[in-house]
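Shared chain: chain A. Partners: chain B in the first complex, chain C in the second.
The block that comes next holds the complex of A and B.
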């Protein structure tokens, strides 16, 4: 009987995985159909989309480059969403973290290494502030984080641009950009012929730390309990407000640091003119990963891959890069649809239970 | 003579979590009878009735009404066939009047607009016809539980119900209200209505019903005429053994006061006091029971004592420490355990594993840490021990708790709260909605804790429980203590009902005895 129960547990788990895979398959099939319908040379377009990213070192590098920031924002979102807080300021935190790091990288003169560490930490603190504001507004004034965090994103964007424009703008650049970063603050490139930089290691460390924090550390247990049932957490003696605060500060810190890693690793000066979307991509990653940092690398890799695939395809065929947004949207819709494939799962469970009863009766009846 | 009006044949229902609630169930109900459906919690009574009322869909089987097969896909279809149901939890709009609630969904109109006049008229006529004394114009929120229930029954009758399903209607009623309800139900029976009465109170069934269907483990184990079967037989069929209603315990040997409550006042609205000058003492080694109809301040009291509610006047000390400024965790650290009446909201985290549910009050302590991280070996070991000790039927400590039955969930709650090294246990409805086996297990654990020197405050709507388990007893009515009995064994049930309903009240001196240090 016990083994039967295990089977039922497994059915639950299997269907979680199956649902995600089917969602991805459906999304990709729809993408293929669209390609077939609108492309003059669909085979070529498809091939460039599916295999394109693997064909050159440069493109392989592109995948890793796209992956790095998602490791940060995906982990940040996992922390915040695990506390059941829909705080979208990860986006703003990433942006303003990049600005903060740029300020440090252009204005300070510190020894190599130390300069970088200072820039990352400052960016983290600024990011923590960005995500902390909606948290405080919620705790003190019951303002829904969904709304306030979206507003915070605008504040981050324009405040950041103001700093770039008025404080560290390089008039010689010819466009709105900061001075060039000091060499002591940038992340070294690690693979020749690509822009893959040292940030990949930092990203992996963050994912590991994020996982340990959330699933192996007492504070992470608090976050998850608060997220799953806040009344239960309160009743058990957990200080809910402090948990909400720390989850969001920490998430903001990671996102801000991610912004720093991105600008200091990929570019030689700050040159964003608008929000980068890395925070929202992090939400995508977090949702598909079910807010578990352990799954963040895989989902981030998948997202990075189809991004690069779409990019390659748009360059070698007549399909625009926006196709990838359709794929993302479809995947997310199916993944969040709790009852998708529900009937199949229910049938499976019914038949398992039936066997269980029959077995029991056989035992009883000898 | 007895004509079959309704039968359910070979009903099988499996819930999404794999729980088989009904297995090849056959139920047959005659016209004009009061038919009891009885069984332990989790035996499948409620599920069967939900299928009949169209709330749940059976996986197999069919329903015959007057010999014809019918499909009941939703409650509207059920009502269309003349089947009405009164749920355990009322489905009424508190801010509207009785009359408005009665006509919800079938509002009478004049010139296309809602007509209050006709609404009142319909309700008045119905309540006179069936001899239900309700005022059509009063608001639901001002009514007693018993009155609300009458409104629910009226609602079903006005919709043309010929078959009434009552899901544990007496669970929320005082003895007096129960008597009144039975009179009304017998009146309906005389008028030719058929009633399906779900309960697990044997004496009520014997008093009220004609026939009885007994369920166990999702199956029918017997259909009998009342009068041809004894209470002992029924209970044996229900649980497969004789229920020992008597709780075996030694006489309490109370020692020093642990919980000292003096003059607690709590306002629920600016005008209304939900707790009005409540004082009592619970001593080490005794179980003080609180009897009373729900909503008379018991819930507020338990929330104040456990630190979940901080807005009150008065003094509370636990082991001589005033708790006014303490957090929930501080209070738990003083040795307070708390079983909340609302298991699904406070007692457990449904999406969590059994282990996660068992450590929520202690995970931060030193012995559960290993270096910087949680010591999962220790957590696993302890969870397994608790599962064994509390006899939780499950598939290991990592199983999601929402795959367990209610009784086993409550055992997990008890496993946590009863092993926290407590000196004071606040047990608010500790056995509500769980099966007899789990209930008696939890009651015995409470007595065990008492014998180890814990002070226990037992709040329960189950009279049997509060009378049997408690050493001494207070009765709460309208936010006040209405009576104090030093020996719970000597309390007469009828007298208790009168105190609960506020018909009687002891003198202040008599009540004050519970708050004096002896």
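The block that comes next holds the complex of A and C.
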């Protein structure tokens, strides 16, 4: 009985993996076809897309730089989506977290290290507030988080820009940007010749903590149970509202901190003028990782790689970097399509069950 | 302050409210009909941006307004079709598919714009057409009313006519009844022989066509060119308007309210009030509206139970 259950679970799992791989293969094939159709020099474009990122230290560094923020937003999305809350405010939390950290980094004078920690924590708290608003609206007023969180993203954008523009804007910068960050608050670079910074370690720590929390602690188990079956969770005595709240506050905290790590690690002033898209990228990472932080580094690395590949390609050929959006969209759609490859899976399960019945009959007859 | 009052209490201000409301109203009605059919989604942003782009390209290459309109509709319907195929046939999560399609449309339009014009921002190098302005015969001669209500883009009038049309389709036709039945209880609908998936699919396409008109208006009426990500959250605001309104007429009122906030932010910006605080008004208003509306629904439910 037990072995049959695990067998079926195995088939399910295998097909999840297969479906993800097929989705990626379809998306990349479509991308290649587009390149072949549009480019004047498709071989060159393809080569720069596929192996371009590996050719220089600088580009290898670019991959890691692109990876770092995705570790944060990917883990944040895993936490929130595990509770089955479609709260998209991770995007706004990332942005406003970066603003909060910039404020701290330009306005405070603290010893090195402590300054950075303060900036990260403040950014995290602001991010938690951003993701908390849709959570409260849902818990108190029953407003679906999808719409409210999209609105929160725009609120974060404009309030953040207001702070940059009217509080910490550096008129000498020549463009809309904050004052330069104090040296005590920035994340040190760790590899010469690249912009890879200390944030990579923080990101890895966050991924590990996120995994332990979701899969090894009671609280995380409660989050996943609420996500799978709210009624069952309620009847088992779980305080659903508090679980929903804590999942989203934690996710927001991590996303806000991610925004801080990104601006303090990569730049010397805050210079975004619009939402950065890191939150929505985090959603892609979370979806492919099946909301399991353990898989976040791998999927984030994949996304970072095709980003850098497309960037290299857009510089040496006539294919614009927006190709990445198309690839991303196709992957998400096939990964979340439950019925995609369903027949194949169905057949496999049927044949497995048949074998089991036959075996049983042999035992009975024999 | 005096300037502000003068700017607000004028026929021109009412005119600008109606002008900025148009895309929100199209999006709101599209969301409304989808919600009634139980297929509310968040891909309006993508549908509208695709329609805006295809409309510009179609009209520029054919120099025909009709071809522009049809290609805009075709673009929007393509996104709706993909949404329908993936969410209804392949059972993908509708919200996540919506996010994917928005990403797809935002990137895809810029990609194609670059391929066609070597420009990633604007379509100004394409000689695209715009829909004509319509002057209403008698009203245009009435002093204040004429300035406010006459001389709008033809699609603006279409959007307000759509309020009536959506009402008729939903409440006065057999197909509207089917849409609402499927939306309210699809098991009951399927038990009496309604083909649920087909009705849902058609609802999605109708809703997509209405949203496409909003997209086409943006690039061929509101502005006379396509700009990257030019929808800028209007599709989302349409969903919010639908959420506040719930019925065609009240959705229109909600859309007008958002239009008012938008128009106000345009006026205040010219008066040196920090733009960000004004730009944020519509979104905050939506959040408050969502809380108030959903909250009142929740209270009603509780009252009914007790």
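Structure notes:
Everything below uses one rule, namely that the second predicted complex is superposed on the first by the 360 of 366 C-alpha atoms of A that agree within 3 Å, B and C clash if a C-alpha of one lies under 4 Å from a C-alpha of the other, contacts with A are read in each partner's own complex, and residues count from 1 in each chain.
Keep this in mind: a contact is a pair of C-beta atoms (placed from the backbone, for glycine too) under 8 Å apart; a residue touches a chain by one contact, two chains touch by 3 or more.
Just so it is clear, the structure is predicted and the values come from calculations on it, not from any experiment.
In the superposed model, A:323 makes contact with chain C only, not with chain B.
Contact with chain C, but none with chain B, is seen for A:283 once the two complexes are overlaid on the shared chain.
Once the two complexes are laid over each other on the shared chain, residue contacts for A:272 go to neither chain B nor chain C. In the superposition on chain A, A:94 contacts neither chain B nor chain C. Between chain B and chain C, C touches the greater number of residues of chain A. Of the two partner chains placed by superposition, only chain C is touched by A:38; chain B is not.
When the two complexes are overlaid on their common chain A, residue A:179 makes contact with neither chain B nor chain C. Touch criterion met: A:236 reaches chain B, while chain C stays clear of it.
When the two complexes are overlaid on their common chain A, residue A:140 makes contact with chain C while staying clear of chain B.
Once both structures are placed on chain A, no chain A residue is touched by chain B and, in the other complex, by chain C. Residues of chain B touching chain A in their complex: 14, 16-20, 23, 59, 306, 308, 327-329, 331-332, 338, 340, 345-352, 356, 359-361, 363-364, 368-369, 372-374, 376, 394-396, 399-400, 403. Across the complex, chain C is touched by residues 38, 86, 88, 133, 137, 140-143, 146-148, 150-152, 154-155, 158-159, 161-162, 165-166, 280, 283, 287, 320, 322-326, 328-330, 332-333, 336-340 of chain A. Every residue of chain A that touches chain B in the complex is listed here, in rising order: 2, 5-6, 8-9, 12, 212, 216-218, 221, 224-225, 228-229, 231-239, 342, 345-346, 349-350, 352-354, 357.
Put simply, chain C touches chain A in their complex at residues 42, 82, 86, 89-93, 95-97, 99-101, 103-104, 106-108, 110-111, 114-115, 120, 233, 236, 239-240, 243, 274, 276-277, 279-280, 283-284, 286-287, 290-295, 297-298.
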